[in-house]
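Data block below; observations after.
Each chain gets a letter, A, B, C and D, in the order it is written, and its residues are counted from 1.
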Amino acid sequence: MMIENTWSRWGPDDERGSLNFIGPDQVRRATALVQTGEVLRLAQLLSSKTPVPSHRCGLQHFMGRDGGDYAAGAGRPGGFQFAEDSVIMPLHIGTHVDALCHAWYDDKLFNGFSSHTVRSTTGASKLGVEKMPPIVTRGVLLDMVRVRGRVLVPGEVVSRADLEAAAALAGLQIERGDAVLLRTGWLESQKGVKNVSFDVEPGIDVDAARWLAEREVAVVGADNFAVEVLPFATGAVFPVHQLLIRDFGVPLLEGLMLDPLVASGRFEFLFVASALPIVGATGSPLAPVAVL
Amino acid sequence: MMIENTWSRWGPDDERGSLNFIGPDQVRRATALVQTGEVLRLAQLLSSKTPVPSHRCGLQHFMGRDGGDYAAGAGRPGGFQFAEDSVIMPLHIGTHVDALCHAWYDDKLFNGFSSHTVRSTTGASKLGVEKMPPIVTRGVLLDMVRVRGRVLVPGEVVSRADLEAAAALAGLQIERGDAVLLRTGWLESQKGVKNVSFDVEPGIDVDAARWLAEREVAVVGADNFAVEVLPFATGAVFPVHQLLIRDFGVPLLEGLMLDPLVASGRFEFLFVASALPIVGATGSPLAPVAVL
Amino acid sequence: MMIENTWSRWGPDDERGSLNFIGPDQVRRATALVQTGEVLRLAQLLSSKTPVPSHRCGLQHFMGRDGGDYAAGAGRPGGFQFAEDSVIMPLHIGTHVDALCHAWYDDKLFNGFSSHTVRSTTGASKLGVEKMPPIVTRGVLLDMVRVRGRVLVPGEVVSRADLEAAAALAGLQIERGDAVLLRTGWLESQKGVKNVSFDVEPGIDVDAARWLAEREVAVVGADNFAVEVLPFATGAVFPVHQLLIRDFGVPLLEGLMLDPLVASGRFEFLFVASALPIVGATGSPLAPVAVL
Amino acid sequence: MMIENTWSRWGPDDERGSLNFIGPDQVRRATALVQTGEVLRLAQLLSSKTPVPSHRCGLQHFMGRDGGDYAAGAGRPGGFQFAEDSVIMPLHIGTHVDALCHAWYDDKLFNGFSSHTVRSTTGASKLGVEKMPPIVTRGVLLDMVRVRGRVLVPGEVVSRADLEAAAALAGLQIERGDAVLLRTGWLESQKGVKNVSFDVEPGIDVDAARWLAEREVAVVGADNFAVEVLPFATGAVFPVHQLLIRDFGVPLLEGLMLDPLVASGRFEFLFVASALPIVGATGSPLAPVAVL
């Protein structure tokens, strides 16, 4: 029998969803994978040039004090000089996590929380990104570019069978608590593109998403913007978001920069991702780490 | 002979400073420390209530779309609903890292880079936070509250001898590449305080900072706002920032939330901290992780 | 018979409310008042020091490029140098107008528009500040400080009789289309105060507000933060906002800097106030002008 | 003899420049021009859709509280409901004024102030927009579209002779203290254009700018983005900005929405423009008013 969701699996108050699949065993197994001690950052640089969908404004970085001020005569008490700065940014920018309050349907969020809990005044009082513990688990790279022998084209579907083929190619089984990282080649194909389109990209379909949920993975990441294929394979709108985030409580990692990982030749590794604990936020940029 | 700084130790172009002390050996040693598989987040929550010094404005979190909009009739194509949000924040807020471009003197940053490289138009073109690799190393807790048997009082100096006492109490030697985390008790003593003062706090003095630099630690963190004692023990302004950041290239982790670590009873652990790679930024909030 | 509101007085689609009381006659009458040609700005300076209620963050002003950057070596093509900047601010800051979508009750805004028209995604699609035409009309100063012979104290009520006394002292009748500016002395009494309280201040009560609405004034301004007395004279919450804005469609001008007007000795004058036409905004800072 | 600038004309401390040309006589003359009492707003709407040059981020408008929150169950003490909001915007957006600290050359601003007075930490401590008094004077429309019989094309120069022809067509002399508003047709030609170019537009050349300065006008406005022709007619960069703002202390009004004025058929009128008094800012959006 196909389960419909994981609501109430961890009790009516649970706000961690599939991250509950990561227990001490998964953590120890993951840290035991470390061989060379090489550390990789799987994140895009963040700046005003980081692409964002056209309905969002990109990152703005402002210096409140800088070296120019001293050059222009600012005082330096006791010789001391410093610089400081601020940012304005949408939270779903660059490499980021979608928290469980980010997407839903029928006025119900994951675990049955009402959508009325997500307001302008308070942000998300349930399932906010601050409720996500740091992710420390085994990372598994599913490299569709290697499966296909080419970068996937916009709109190309990654199916359940494709995921199985990628796992086979890696010589791995997807296991409970894994962080599954999908390479479609999308991000690397966007280098130097001026007006990046966020409307068409390769990604998984609903059936592939269900396969991942059935494997009880902790988190699904990809090197594209939405994890799922755009435009949507079915008539639904963001059906993979609906299934993974809302039905199964699986947070998504989007915009992963997988180049250094691909270059390493490794398919499994210690994976660490720790979001900014912004109270009531629907997501957060972050800089995930692979330790080889 | 006392060395004055570590400039040019890793070449004239180096922008990593003491993080160079973390090599594959340090990483492997650190991951091998994992025993129970427990994962701790060593970060303050980020919200408009997160205290900031009075010359800075705190975090603002704005919902661009939320559950209220749907309650008021916003369309839900294909049933899909979502929420998204933005933040405005100073980068030295909550638990954050000071990048090597944050503080200096005599118009020279670490490794001799000119302060003219830090501008409004570009941010820091040298030593920006995006140049810091993720930190994966051994974490060592130096618990001054346990040494003293009480929370330290504002203005109380933590000396070289105090650090040695804390290391002895932990039964550990400080080694090359360590992340040294200092507990003064300051943050826990501020709980519920309405107007947190950032002008007076316990912390290390210059001599203690030099002791850490001589041990070749990778990074120094603390549960206070400035790592160093305020007001300054000597006539200088932020002398510990000057010595650690500018002379020795040691980034600082400020505002660490050490409560869960203290509760665990552990003094050494796998420590992971990965800043947002904001191009040209002088720092970044982050959520460091201890794995026990 | 007491009218309850002015809904539908100008048709079911009207979004101008009492500003409809200003017609060409009122404009010509107002410009004919000019005698000396002196021009006064009735606005507070805007900066990070401009007081705001504690639940709002104040103005932040960031330079994107400045003279310091050139001092530090920024290029100056063809000799040209420039500076530019951005602001972040709440719209109800300093001297500002409350648009008709700012306050309401029972889910109905002025003229019966549903409160569902005010959303995160769109702002206010009805009664936004951009729907307010520039205000050009006769200004009348009602100087309660002169009536009382002293600055009013926090919580002191300005009643209908007080307004009548102030008009008599000015030798004026309040007429249709007037901009009535009330001086309580509050703003001038806050000079140099560090933590300005926005919870207690002198201002009008509901009955005085009704008197103004009955006179068919176009707009009501004051040198305090809420026009109305705080704490509220009755059990209701912001009852004057409810009556003037929601029932009678009268926008409010708050935080007026009346000092130069008081110094001039004039009680009637040409008054001009033109808000930033921010689409869907609930208000706007502005710099009203009196021409004597 | 050609004068080179108006520095020190109003003393070494002057920060008002050509606005000094508006005295009580000019104000009375201007208010006496009012005939019909019609009031026009000469400003673009401000929203995320307001075009900005690609190196700037546009306006962002965030609701902190709105009708959706009440629909989702937010409390309404005493029945009261309200909405509030914030904006983030560059100050040179939409219809705005360039303050005298916005542009200069050779490290000297208007009246000889050092460019070192413009810093990240303080903004412009000299010639900031808050130093500009409200502008109340005669407005004169110079309608180049009517002179040419067509909208001007990008890059088309408006010369001294063109301005003279436009004044003759209006039957007016340009006089001391005037606000000269130039219609090129640029803004109206951009309606519905998706990616507005700010690199090419019709406007005045340096000689025409000098002609205006010699007439001792108070302010020069236009319906384009830079007042001056782009690309620059000479080898210099923004030569009209250099001459008008820096040499002659003439602020510029950019992005004027002149459609309603053109429709009125009036060439002279009462003109009022009052910038937000943001301390140390290089400009401000505003909503100028013409009274017919």
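Some observations on this one:
As a convention for this text, a residue touches a chain if its C-beta (ideal position, glycine included) is under 8 Å from a C-beta of that chain, and two chains touch if they have at least 3 such contacts.
Chain identities (UniProt): A, B, C, D = Kynurenine formamidase.
Note that this is a predicted model, so its numbers are computed, not measured.
In summary, the pair subunit A and subunit C forms a contact in which both copies contribute largely the same residue numbers, shared numbers making up over half of all those used.
A separation of 24 Å divides the Cα centre of subunit A from that of subunit B.
Inter-chain spacing, taken between the CA centroids of subunit A and subunit D, is 45 Å.
Residues of subunit B in contact with two or more other chains: 57, 60, 62-64, 66-74, 86, 88, 115-116, 118-120.
Viewed as a network of touching protein chains, the structure reduces to a complete graph with every chain in contact with every other. Across the complex, subunit A is touched by residues 60, 62-64, 66-74, 86, 88, 120 of subunit C.
Within the complex formed with subunit A, the residues of subunit B that make contact are 22-28, 31-32, 34, 36-39, 41, 43-47, 56-57, 59, 61-64, 66-68, 70-71, 76-92, 101-107, 114-120, 123-124, 130, 133-134, 136, 235-238, 241-242, 270, 272, 274-283, 285-289, 291.
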